[in-house]
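Read from first to last, the chains carry the letters A, B, C and D; within each, the first residue is number 1.
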């Protein structure tokens, strides 16, 4: 079942090593199917160089495995909560990509210092707090999803398609798995340049709001004029 | 039309990923044709791995598309203003290369700390101010070009073939597209070493003027003796 | 003799350049054979691109060469002391990988700042003191092993499969050579992110203990649920 | 003439891009022939991807071109002075490799923070002062060589086969071109780790002298026991 989506999500997973976003198996991509209400996700702990499209696991929105010979990613309950909370998300990525994770470990949101960031993300990339002892010892991965969902109650997840989880790593999303990976690449690049920028000028301020607006709306919304549309 | 220039500018564009100066489509190269007064530029938002010579777009100095199936780069009005202001520029590059953009985001010009810089650029690589709200909300890309042109009224664009745009990225230029890309590589390398040099010695001073003169004029002008000329 | 182990340890050695953990010959892997009580180790100073399985050297637990045309690694006495002190170690790696060695040179243990670290290492990665003048001028490599063994008297070497040697480099271990190399990759990645994390937030604190426990025991021990077991 | 040496020095030059020590043509290797008293050096400004063994230039110790269709490297007079001052040097490398050049631009000698450095270089890698205005405006490249020679009057160039030139780059040497390149790789690696080490611990001290002695003499001199000799 969902053979086409499995192929797509397999391809999206394989982009993670291509773009140098994962070491070993430290990442996963999933994609949601509107018709069935199921999603397809990477199996847990399977190495990228042996991964095959048919290894992808089908899961429902209660986290039950519907099909697949492997266990789904251990982060599956986080994906479940995100798909439940945000109907516009159709693809989700989790990685420990090095620069983004360094910001997550530092417990800091990434300020918007320039147009590279503003072209894709409207405002800072938030870093949610660490879970409490109770949340960690309980349904840890589910609580991670709930915490992200709470953070985005006041934000538009389409305008900021990424979040840092304190002491952990990064989640990004999009209209499909491939776009979610694209956003994961953007976050890593933006995280690298923001850290270096603060090293070069410790007093640096975020880019002016007018510039952030200009670049974001140059690529998004009805007045967009970037690209071929 | 301009098939040879299209091929050249296509090749120059393909050097950007080769030298690791672009992620996705975050960059473009153009080249000017003296005879027609037109220039050739990368189409907007087209991925490098599918780009072909015939995709290049021909534009006139008022920014009108003369030929091409695609829209030209959204940065075309910046290129227009630069070609209009500086008749010696025959190739222009724009990128968000990571180290140069970190300096641009930091809002700092790159001091000349050594001979690698002095071999190509005479004095600091300037960082122009961010545009005002009015300039951003008006003809943003054109105003970017006008601001760079104003900065170089007091400088020789052949002696300093590069500029940083605050909160944005870098523009470089040269006698053709290939030389402009060459200068983009130099800026990225120089930006990296200047940042690391300040980390190693926060009190570092620019290289002595005599050394800057020596290296610049060893490679440029009538007394140059570097290379095979 | 021990042809299968030689092949395995050869393969494990070849992973060091693959994962960019060594420059020239600055590293080695060994593996222990329970039946004979011997171990197999890389020959000293032989370049990786000419190394062959049959070049591996067989050594006993008193450091005597049992078989092999080459001298064993000059670090052999360190491997000897570790195998003697810790019966669960079956593979050992030594490298000068750049980020881990930077921490070792800095004389600092690597704090656990996040789940990437906690997934593999329970608590900080210790940096043992530099040897004394007497220890250095005496049986230097053996004394290095004794110092590590002393450090791990109070620690579980399976829970923290890595150590930094001040002013020197890193040793990691595991249930075989391949796992020891896997841990060497983890240490390098964790060392990189910890350094960057402190650069981004100089006041950063280690990850909460509950989170460290969660991630470590998600992958280790009888309640582990990561992967396919 | 000197066909074998030309081939060797060509191969040594080609190692510079292989080890990522040069951008464009920012580096050169030469090798000395005892019999003729000539040396062979890379031609000036010729790109590495078109370089051929027969392009190497033969020069005498007064800097005259003896054979070759190209001009020799513009740094030839520096090589001349070094060969004249130090009869044990048989190969010399000059690069602008990024980390070493960052230290040179910072005007700092590289302290010996660990055994990676001590294995190859006995004590700090010195950074010579910038030339004076007079020295720069006079015989610049020759004066660079004289300044290095003066620095090494009180040092053993075999024990410290490298030097940083303030605001410029690095020179390394050895018993042939290949060993000189080997030392250039070491300097770059050591420069990188020393900078990161100071970032991780700004109060870091050099490695104890006993450790520096141990590692240096483990690989050099009559009591050496590293490798297969």
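Observations
In this section, a residue touches a chain if its C-beta (ideal position, glycine included) is under 8 Å from a C-beta of that chain, and two chains touch if they have at least 3 such contacts.
What you see is a predicted model, and the numbers here were worked out from it, not measured in a lab.
Least step count on the touch graph, subunit B to subunit C: 2.
Among the remaining chains, the Cα-based centre furthest from that of subunit D is the centre of A. Look at the contact of subunit A with subunit C and you find different residues on each copy: under half of the numbers used there are shared. Rounded to whole angstrom, the centroid-to-centroid distance between subunit C and subunit D, based on C-alpha atoms, equals 33 Å.
Multi-chain contact residues of subunit B, defined as those touching 2 or more other chains: 198-199. Applying the touch criterion to all chain pairs gives A-B, A-C, B-D, C-D. Note for the complex: subunit D touches subunit B at residues 23-24, 26, 43-46, 70-71, 74, 96, 98-99, 101-108, 130-131, 133, 136-137, 140, 167-169, 195, 198-199. The residues of subunit B lying in touch with subunit D in their complex are 113-116, 119, 182, 185-186, 189, 192-194, 196-201, 204, 207-208, 210-211, 213-214, 218, 225-228.
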